[in-house]
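By letter and in written order, the chains are A, B, C, D and E; residue numbering begins at 1 in each of them.
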Amino acid sequence: MLKLDRVSKVYRVGSFGGEQLRAVGDVSFEVRPGQVVSLIGESGSGKSTIGKMVLRTSRITSGTISFDGADISRYRRTGELKEYYRRVQGVFQDPFSSYNPVFKADRVFEMIRTEYFAAVPAAEWRAKLDAALRTVRLDPAQVLGKYPHQLSGGQLQRLLIARALLLDIELLVADEIISMLDASTRIDVLNLLADLKERGLGILFITHDLSLGNYVSDQTVILRGGSVVERGATRRVFANPLHPYTRRLLSSVPQLHKTWAEVDAELRARDAGAERRCAYHERLPDGGPDPLAAVDEDHHVACFALDGAPCPDAARTPVG
Amino acid sequence: AGCTGGSGGAGGTPGSYPREETLFVSGSLWGPPANWNPLMTWEHAAGTKGLVYETLFLYDPQADEYIPWLAESGEWTDDDTYQITVREGVQWTDGEPLTADDVAFTIGLGELESIPYHNVWQTIENVEATDDRTVVVDFSEPRYQQWAFWLYGNAIVPQHLWAERTEEEISAGANETPVGTGAYVYETHGQDRQVWSRNEEWWAQEALDLRVGPSYIVDIVNPSNEAALGQVLQGSLDLSNNFLPGIAQVLESNDDVASYYPEAPYMLSANTAWLVPNTTREPMDDPEFRRALAFSIDTEQIVSGVYGDIVQAADPTGLLPNWEQYVDADVVAEHGFSFDTQEAASILADAGYEDTDGDGFVETPEGEPIELTLAVPSGWTDWMEASRVIADSAQQAGINITADFPDENAIVDQRVSGDFDLILNNERQISSTPWTYYDYIFQLPVRESQSTVNFGRYENEEAWALVEELATTPVEDPEAMTDIIAEIQEIQLQEMPIIPLWYNGMWSQVNTSVWTNWPSAETENNYVPTLWANYHELGGILMLTELQPASGG
Amino acid sequence: MSTEQAGPPTGAGPAPGGGGAPPDAAVPAGAPLAAAAPAGRRGGELAYFALRNGKLVAGLVIVLFFLLVGLFAPMLLPHGPNEYDIGPQGAPPSAELWLGTTRFGQDVYAQFVHGLRSTFLVGLLGGGVAFAVGMVVGFVAGYRGGWVDEVLNMITNVVLVLPTLAVLIIVAAYLQARGVAVQSLFIGLTSWPWAARSIRAQTFSLSSRDFVDLARLSGRSSWKIIFRDIAPNMSSYLFMTFILLFGGAVLIAAGLDFIGLGPTDGTSLGLMMNQAVNWGALQLGMWWWFVPPGLGITAIVGALYVMNVGLDEVFNPKLRET
Amino acid sequence: MSLKVRDLRVYYRTLAGDVKALDGADFELADGEITGLVGESGSGKSTLGKSLIKLDGRMRYVSGTVELDGAELPVRDSARMNDFRFREVSLIPQYAMSAMNPTRKVGRMIADLLESRGERFRALRPELVRRLELVGLGEQVLGRYPIELSGGMKQRTVMVLSTLLDPSLLIADEVTSALDVSNQRAVAETLAGFRDRGFVKSMIFVTHDVALVNQIADTITVMYAGRLAEKGPAKTVVNSPRHPYTRMLISALPEVGVSHGERRLSGIPGSPPALLDPPAGCRFRDRCPLAFDKCEQEPPFAEVEPDHSVACWKA
Amino acid sequence: MRRYFGRKLFVYALTFFIAMTVNWIIPRFMPGDPVQSRLARASLQSPEASAAMQAYYERLFGLDVPLWQQYLNFWASLARGDLGISIWLFPQPVGDIILGAVPYSLALLLPAILLSWVVGNWFGAYAARNRWLDNTVLPVGYVLTATPYMWLALLLAWGLGIVAGLFPVGGAYSFALTPSATPEFVGSLLQHWFLPFLSLFLVALGGWAIGMRNMIIYELESDYSNYLEALGAPRRLVRRYAFRNAMLPQLTGLALQLGTLVAGSLLTEIVFSYPGLGYLILQAIRNQDFFLLQGAFMFIVVGVLIANFIIDIVYVLVDPRTRIQMQGGAA
């Protein structure tokens, strides 16, 4: 459905755009219908930038993003773009800043209505809206006609999801949609995403919290400094993290029933016998579009030396 | 020449001028002194001509008399030849004597196109210094009036210093170190002042027993009239030749301040303010309409309301009071005008101007609406107020005039190109002869751009022929002049090419606390009380010879 | 954001203004966002503070007072501002002629109330034009960013460092017909830069907010987003900007009028001062001729500025007295 | 017993009335104890933290006492409180990124601060440098402007500065919320290290991330709607929470290894009460599956076992 | 750093270019012809003479060539440092005239700007900490900023000058003196300088005081102030930091306000007949003196630009933030 093919983004920064900042480099992955792909990485690793490019609010510097085979950067006329937005929508990190504070919260629905459903009669619209709200388990009477500050973060976040559902979307870009929420509301939203996925929605789930990614996703993409370091089925990546960065992330996640020290020890123990080597150099990519090397079915990894340091294995294994 | 340059001290005490020896004046410098070239008659530092450079004659309009000055005498030896006898014993301030060569040289400069008196050379054939003291000027067709005007209006420059100069230096040079023959020499100048100091060797001290009172004249550039008013009140100005609205109030309350007349109009008259209709435009091309316009204007209101009675209403002919003898009372009685709304209305009605559409304003006989604009430079407050009065009173008579206040330069433009309905103008000063006045009104031919005269583009061959005749009438023949002028007046009053409204005053207010014996209607001293540029030779310099220190010292 | 704006927000409150340009950014950048925030939530609260804010109320009362006088007093007068001989010439204030007469016996009060009209008109038009230009430039630069921003920013900076009054003097001097409208237009066209700059900064920070992206995702056009989504968020800020531009325009106009470059038709407070000075009111002690117009301007502009502070306090809780 | 808080009530003055953000806190902190203060947003965690060091303009002290190392803290009297700040009680603010004067070099700022507190910068400098090196910063940060430091460097500098005078009590309010996991870990471990080295005696670590708290805290304090709900040893609170709120909170946390398909977690229905006019009795009553009549009375914050207090009738 | 200043310089150069072009264009496309106006004042007798002189002077001023060429000539002679010859004060070179006026304008402006800035900031800083001062400084400040420059000047001229007679109300020094190094002359200079200075100073003062007060309040609310207070720093230190930081925006404000202040000085100079640039500009306009106008205007523009540039540099020196950002954001 959604396919990123060696997508890069370079920001021009400094006066007159004098300097360049490579926020995303050569990223490739795919989101299929009914699949949740979580994009995980530390702050500044380019997660949001990818989300924005998918949503066409940020220009792609190179590479292509295609949706159902069509290159989305080709959409020029507002009509085409509007049609794209009917199928692809986004929800952002901060529910409070996603609402215009001077207007009532349900204005987000009104915008959809004026732009997409101008012809729909009021009653029908109302029914549609109620249905969407119920899907996200909100009581219309409780949330409509209120100002954003009168609603909780979880309610606001769910309203945004309802808004996206109104359009019968096929892909949802969820950019850190739960990091601002309380632990208790967080899980509600996650569960909701999981339900939607069951109904065939593709979700690009952006987060820096591995436990959350782990909870909902089928596929995981680990991002570092704008590049993918490891990618694959969530199960595999979490069970057998190959790239040192993935491992470091994993060891830093605070866990309820394990201390950091225990996790460290565990990882160390697991590696005790085997020598950790750069899997990339053993399994070079076959020159296809994907710059990662496949280590297993549905598990790909980049060279360990991604951050510029020479790879300890590079000398041993010639690069094709 | 830096404007603030520290050009040394004055006289003995460096840096300051003793109050009791110094005359503080203002009203003649309209900007920082920029040049001392007597040939740039209109923009040299006032006093360059008159105080430093001198003319052959003076003309005293009060006494209607030519006073030989650098010339000991001058006469028409025959119809075409004028002979000047140069005064003996006159010295340039560099020590060289003034000779006939200097005079001949100066007249000869008029051959250059860029010299303002180039026009006299249209009639001069030859100038020659026949000896040290005699200059003979040969004319082709002498225009006596014009020549008389030249004789007292133009300064003589020293040949030994000027002969080497280029045309540009002569006609447009700053002449920063003026060397003249006059009562004063250049002392210093600044952004806001010009200082003259007395020439102790001045020839007139011996020759005429005249001695100017003040050792120094500090002529203050007046940026605003109101500042001058304050300074006169304080006594820091001795003579203000500024237009000071409100002076009437001051004169009544402040004993130290005086003017020429102790009561209204307080001032002598210096020029006539006219309403100039554009006679090429409808309906101003109709003499009857112009006459009606003349009757409609409430000049009294201007005189008292706007000016607080410091000006006088003009005679219907517009001739200044010193030309009173040329006014033909009979003609005026028959054809003259005065403020009379009724009369204005009936003249209009008789000529076919009626209010056909009922808007309160008359239309042309063809039924076209009349909407006239009176343009007066923005910022000329007295005229702006006057024009409001004119518009108001004309409207009373049914003539739709509105006052408009464009920028001054825009008005000059309109005036030159003839792109106006009505304007106010007063660009003819008092002079020795009414010829200058009529030359202004009637001059022909009308050109594409009328830059100096006949702005209304009034064409009347007959009147112009009379003016030309006047030009060639000898100055010594007043009867002949009177006759011609009477004829001109008859045409003028019937045709009303321009409408004289009031006489602008020879603004002069003095403070007597330091200097006394100022010109006054009540004493013998009747010289013109002003040091405006070009008024020194009309008697301004003589005023200076009459001044006495108040301290009696 | 380019380095241009790198510095902290500039100036607060009516910064130095005086006879010309209005103060720079009225409120430090942080504030207005907080300020703009929640109209609804704090609607009642805002009204509550507005009514209890002495500065705001006092300023508003003064401005309204003069506005009403300017609107209605001329209608109640039997004579025009420039009619002669309404009273004796140069009469001091009296029971019949409240502000005395000019040297021509014109009614100073009549001139004053008519002058108020043009003062408000200039403020409204001049401030309005500046506001409009400043808004468009600021919004577009802040929203579009990139080279559009660079270019607009450059233009803004150019106009900003131009000594505006000097330019205006030149322009005004060579205008043939000078009316209040033309004057206002030119004032407006030269006094927008600081407004544009601060609006740009606001827009810039607002347009990075998620709700703007959300509006884009809803298929809205840029203009709609700017005026329907971004602008309402800075409405209080915009309003305050307008007030300052209004006051600035009034002061500039007064300066132009004073040196005789004012409207050539009609009257204005600056023109009154100009005439009073030209006709020696200072020297003749006719204070009633030049004191009221200046006082009028000072009162109106001062009241506007005070109002602005009041508004600032209302919108921005940090400034409220606790 | 380094800190003893008794019935501390601090309200916010607002137009609509007092917001009872901290309504009767009763707890103690032992020497060397790090307690993690957790709870939903708006439960009063920051209010409690601030009450112990500096009330801001809109906060109103209502009642209660705070005792630190046996001396009473004059929390209501900001001027007298000054003697205790920094030396006895110190704070690492949430806004570490902007906590330093942007126009002063870090070293100058620290010197200014120390001198103004009557300390000699010269004398303390070696210790300062030592501690900076401890957190991986060189002496050279002192010669830099804050803007020249990265976010992490700024945060570590502030941490060192705040604890330089070895305060008895350190309040760390959400110092890790803005960080990603690896930085979170580094900061948290550094703070624990500070305690281990004796730079601070005890610490209140405010966060809403229970899992994080569990890594470094000795005890966990749970707040709900302006009140303390539970306080006990970290292990106990995580593994066998007594308060229903704590229980639900912990069961709502996904963990690495837990996925939706395998085990569906559930949140806490409802939302906390408004603090402007909170209901009488147990404030969790409306959301509590165990609620019963007695909950209409306010449950005391009582010790159910040594060092473990809970405010619930069913505990 | 170099890029930053390069960019600034580019903006300044552009400003200069645009300003000068505007100033060149406007008078030339407006009605009126300076030579004609000049000759009109001469009231020459004969039209022939008038026409001849018109041509003569047009050639002299270089007004006889096509406009585009005049424009190029203008820049060409400007490059040579030649500002042309004044029409109004013919035949003085414009440069000389302006150099004569500039000292007066500077003498008014520099002290007025700097003192009002310093004193205003000082007052404002105190007002922010003192309820009583706040309640007096603030209203007075508002009244002062809202005062039209010329009106305050008028009031001062009338009250202190005319009524009280304490100060002269016109000119730069007594007419009884010539410039010299005597105490008398210097005293006279100061006496004449005082009122115009005072009026400029007062109007500017209010704005700075208010700006400072507000900035200080914001700074006192900032995170670093909060942190300092939480660590028990005394009020004094917090204030000091706030003051220092509040100064920076005020510095930018100064740069932005320069143009306005210069404009204000024009009005003041006019009221007090002070022989500075303002008076020159007014006269140049009245007399359609293109060249003098260009010259005077150029001086103002250049002055404002230089002052702005100096402030830019000072700003960079005192605010580390700009320095860093200019280097492309280290850290």
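Keep this in mind: a contact is a pair of C-beta atoms (placed from the backbone, for glycine too) under 8 Å apart; a residue touches a chain by one contact, two chains touch by 3 or more.
Listed by chain with UniProt protein names: A, D = Peptide/nickel transport system ATP-binding protein; C, E = Peptide/nickel transport system permease protein.
Not measured: the values here are computed from a predicted model.
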item: Set of chains whose contacts include both chain E and chain A; value: C, D
item: Leader among chain pairs (count of C-beta contacts); value: C-E
item: Chain separated most widely from chain D, comparing mean CA positions; value: B
item: Centroid spacing, where centroids are CA-atom means, of chain B and chain C in whole angstrom; value: 47
item: Between chain E and chain B, distance of the C-alpha-averaged centres to the nearest whole Å; value: 39
item: Distance from the mean Cα position of chain D to that of chain B, given in whole angstrom; value: 93
item: Multi-partner residues of chain B (each touching 2 or more other chains); value: 224, 230, 379, 406-407, 410
item: Per-residue overlap in chain D, given as positions that touch at least 2 other chains; value: none
item: Contacts with two or more other chains, residues of chain A listed in rising order; value: 14-16
item: Chain C - residues contacting chain A, complex; value: 2-4, 36-41, 146, 150, 209-211, 213-221, 229, 232-233, 235
item: Complex contacts: residues of chain E adjacent to chain D; value: 222-224, 226-234, 236-237, 241, 244-245, 248, 318-321, 324, 330-331
item: Partner chain E, residues of chain C touching it in the complex; value: 3, 6-21, 23-24, 28, 30-31, 154, 157-158, 160-167, 169-171, 173-176, 194, 247, 251, 254-255, 258-259, 270, 273, 277, 282-283, 285, 287, 290-291, 293-295, 297-306, 309, 312, 318-319
item: Residue ranges of chain B in contact with chain C within the complex; value: 224-226, 229-230, 233, 244-246, 249-250, 301, 305-306, 308, 378-379, 381, 385, 388-389, 404-407, 410
item: Complex contacts: residues of chain A adjacent to chain C; value: 14-17, 52, 55, 57, 78, 81-82, 85, 89-90, 92-94, 97-104, 108, 111-112, 115-116, 147-150, 160
